[in-house]
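So, here's a batch of structures to check.
Next come two complexes, and both contain chain A; in the first it sits with chain B, in the second with chain C.
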Partner chain A sequence: MDIFLQQLINSLSVASVTILIGMGITLIFGLAGIVNFAHGEFLMVGGMVTWLLVMAGVNFFIAMFGAMAAVGVLGYVAERTLFRFTLNRPMNGFIMSIGLSVILQNVVIKALNEVQKSIPDPIAKVWVIGGVDIIAMRAIVVAITVVVVAITYFGITRSRYGVALRASVSDQDTAALMGIPVRRYVTGVFIYGSVLAGLGGALMIALFPITPFTGSVVIIRGFAVSLIGGLGNVGGAVVGGLVLGLVDALSAQYGYPQWTDAYSLVVMIVILILRPQGLLGGTLGPRAT
Partner chain B sequence: MSADQRRDAVTAPGFSLNTRKTGSSGWLERPPLDHIVMGVAILAFLIAFPFFNPGYRFLSLAITTGFTAIALYGLALQFGQAGIMSVGHAGIMGIGGYTAAILANQLGIGFWLALPASILLSALAAGLVGLPSLRVGGQHYIIITFCFCALLVIALTNGGDFTGAATGLDVGPIAGPFGINLAKLRNMYYLVMLALVVSLVLTYVIVHSPYGRTLWAIRENEPLARAVGINTNFHKIGVFALSGAFAGAAGILQTYYLRHISPPLYGAFPSLYLALMVMLGGARPLYGPLLGAIIVTFLPEVGGLDPIDSRIAYGVGLLLVILLLPAGVSGGLLGLYRSMIGRQRRAEKG
Partner chain C sequence: MTLLQVEHLGTAYGPVTVNRDVSLTVGQNEIVTILGPNGAGKSTLLRAISGLLKPRSGSIRFDDRDVTNTPADRAVGLGIIMVPEGRKIFADMTVRENLRLGAYARKDRDAVEEDVKLMESYFEILAQKRGAKGGELSGGQQQMLAIARGLMARPRILLLDEPSLGLSPKLVKDLRAVIMDVKKTFASAVLLVEQNAGLALTVAERGYLLHNGRIVASGPISELRDDRLMRDLYLGNTPQGH
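For the complex of A and B:
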């Protein structure tokens, strides 16, 4: 039982990173109508920026904000120079984002190298609660994720901006007539999702070493999470991330560990086929117009 | 996904071979003269290429181009004609390649007997992978195919001795008929080119046959096609199977050319590169996929780029093509050619 609990808490911290990336994808895909396959690379870049800053002697938590800012700028540039022109043809945007992910991955390999990077534990403490060892950094990762999820959820469902955003998703023309700057909202959502990817990257490198190839592994999990939950649905992304995290933890402990990655892929294919709108329902993805 | 969007998604209309006169009768129209001239020129070049003394490196690049282009013709059929993109095509190639390698290792069956088995199994697998596309479209389906590829790699890696696990499998050389030594690179080149020409001709025939017209109808307006009595689901799966057959042939040729295969050859990234090549070359013009394969295979060699630089170059090329030439490089060239001819004709008329 102790092992189970420990495994559960560990998988919760892994699920946190997955939730962050899934939330970014779900917002960008479901609300901005852009399928960004390079999102995993955004996360990887965030991790690499964190690594560079920490190696330069910056405190981890400051480096985290640095990574968020850097990836936010990256997202802004990508939206302005690339995705802006394919808003009416989501399919072309998707293919373009594949190109972008290839570019980012190889630029990072060229600028740094292919070797995996890791940073020393920002907080190397272990808390013992009721006989269960909890690694402090993992708990902090979970806490940060909880806060970010709460901010995003209330921002989208309760705030003025969230309401305006959802209005422009459900009816672009009417929203524009009501004075909502729809295009600016698209850019805004894209930047916000990218910032989340930067945060995810920073938290990820605090937990495990990452390589330039991490992005391509993470992206599939991110898509799985966002599609399982339903596009544009923040709560859905959390549920999706927890489901995947649990499946991983349990299969690593009780199943065949070498098939761990396969389970989440199978779960994703099955859900995509049976419920394309996601478990909790969401928008139908990029608009057809 | 509306029919309108689907047409947008593929290419700008007007550059395709499908812009034929409507109401033509007969099973297969006679190809126009410029098609025949172009075909003969390409055939002559393919036959003559080894006599220019291209050297070992260029000849092997040409072989790589050959079997890649065969797979691309399959993908182009599915994407350009039926309008369904997938990023799982390398996985289908892998089914063909592994079928051949497993037959060779377990039962000692050689290339010629394994060829139909590879093609059949790949077609079957492609049809199965295509099934979800009847229910989910667009990006959702692309993600499913991506997952399929990733799953296949995991399965091949965990397959133990049967699939050779992470190290993969080896195969012997092809036993050539009439004492032709196919281990010799030049003879291998001719075999691959023969297969390439066959798939080019097949693509032409499929696109211009009543079947091609049916696919065209489905792509342009699926509800209408269904309303006039076309079984759209059946034809969609059919085109997947056809495209899979091309991939299977490409896979077995690749296996016997490399003589050693391993799971990473068939993962998600090789699939992405195949999709990239089709987009780069253009899916609908007849020589688009061939052009895409040539550009991607020869660019690093001609430009003197290392693998990382050339991957960055592909990525940038893809972005430029999508933003500037949505019909691909060959579509762009074709448009240029047509506008020149048009100008000439206008000038003649005065």
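For the complex of A and C:
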């Protein structure tokens, strides 16, 4: 049982990174209507920026904010120079984003190299709670994710900006008639989702080494998470991340761990067949009337 | 004094021309109607004035400022508020959230809460249903909410697109009183677009008759009521021009 608990907490920290990337995708896809297949590379860039800063002697937690800012700027530039022109043709945007992901991968390989990068444990403590060894950094990753999820959830459901955002998603024209600058909200959501990818990258490199190819692995899980939960639904991304985390934990303990990704995708397929709108239900992106 | 001045306005959706050479004015605190049969281009004209649709030609001036190419979200800040056809209530949001959204562009947040209460005391049904989702309201209740939501923006001109559509005769009577009060109590001009002449002819001071995208008659309501085209299009005689 103790081993299972440890495994569960380890899985929760991995699930946290998955939740962050899934939440970014779910917001950008479900609310801004943009399918950004380069979102995984955004996370990878966040991890690389963290690595560069930490190697330059910057404290990890400051480097984490640096990664969020850098990927936020990357998202802003990508939205203003690329995705803004494909808003009415999401399929074109999707294809373009595949190109963007290849470019980002190769730019990173050119600028650095293909070798995997890691940083020393930012906090190398182990807490023992009730006989269970908890690696401190993993607990901190979970805690940061919980805070970010809470901020995002209440921001969307309670704040004035969240209400305006949801109004823009359900009916662009009528939202504009309320005086809501719909375009600016689309840009804002894209930047916010990108910042989450930057944070995910920083937290990921705090847990494991990453390579320039990490993005293409996490993007599949990210889309799985957002589809399992329901597009545009923050709670859904959390549920989706936890479902995949649980599958990870169980397969690592009781199944064949090398099949983890296959289990996750089978779970996604089964859920989408039974509930096409996702477990918690989602949007279909902004619609013009 | 002229508040809204539309001159030689032309609109189109892609290659399809809708309005041609439309000129009209609305004075400060005046109730003006645009009448016309289905497909005359009334809604398109309102979409252009509200900023949802960029005009092809001509100009729109509001309060001596050129607003021809001002997008809707900025036109709202100037006081040009449209209540769209079909109410377009945010169905998943509560009545109160809908009201507050109407005041999105306003900077005076404290006064907004007072205005929410004002709307709830003026439209009693909105107080009773304040926590209900917009989609749970009946058609008549949604129309009142749509107008109240428009008033939350403190309009200088309220553009109403077919507000009587689908309402019972009793509700149309209530609506008439509300429109009069938009002018009196809320001190806003009204540009009322209607297919149904009944409401428009009793509430408006002046009117324009739109047909095939053009204005074919205009004048004070008393004159418009007796206009020959008006009679042809509305009052039972065989419609012409089809």
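Operating definition for what follows: the second predicted complex is superposed on the first by the 284 of 289 C-alpha atoms of A that agree within 3 Å, B and C clash if a C-alpha of one lies under 4 Å from a C-alpha of the other, contacts with A are read in each partner's own complex, and residues count from 1 in each chain.
Here is the rule we go by: a contact is a pair of C-beta atoms (placed from the backbone, for glycine too) under 8 Å apart; a residue touches a chain by one contact, two chains touch by 3 or more.
Because the structure is predicted, anything quoted here is derived from the model rather than measured.
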item	value
Partner chain(s) touched by A:N92 [first = chain B, second = chain C, both, neither]	first
Which superposed partner A:A164 touches (first chain B, second chain C, both, neither)	second
Which of chain B and chain C A:R84 touches, first, second, both or neither	neither
Which of chain B and chain C A:D173 touches, first, second, both or neither	second
Greater chain A contact set [chain C / chain B]	B
First (chain B), second (chain C), both or neither touched by A:S216	first
Those residues of chain A which chain B touches in one complex and chain C touches in the other	none
Residues on chain A engaged by chain B in the complex (per definition of touch)	29, 35, 82, 85-86, 88-92, 94-96, 98-103, 105-107, 109-110, 216, 220, 223, 227, 258-259, 261-262, 265-266, 268-269, 272-273, 276, 285-286, 288
Chain B to chain A touching residues, read off their complex	1-2, 4-5, 8-9, 85, 87, 132, 135-136, 138-140, 142-144, 146-148, 150-151, 154-155, 157-158, 268-269, 272, 275-276, 279, 308-309, 311-312, 314-319, 322-323, 326
Footprint of chain C on chain A - complex, ascending	160, 163-164, 166-167, 170-171, 173-182, 289
Chain A-touching residues of chain C, taken from the complex the two chains share	50-52, 71-74, 76-77, 81-82, 84, 88, 90-93, 97, 100-102, 104-105, 149, 153
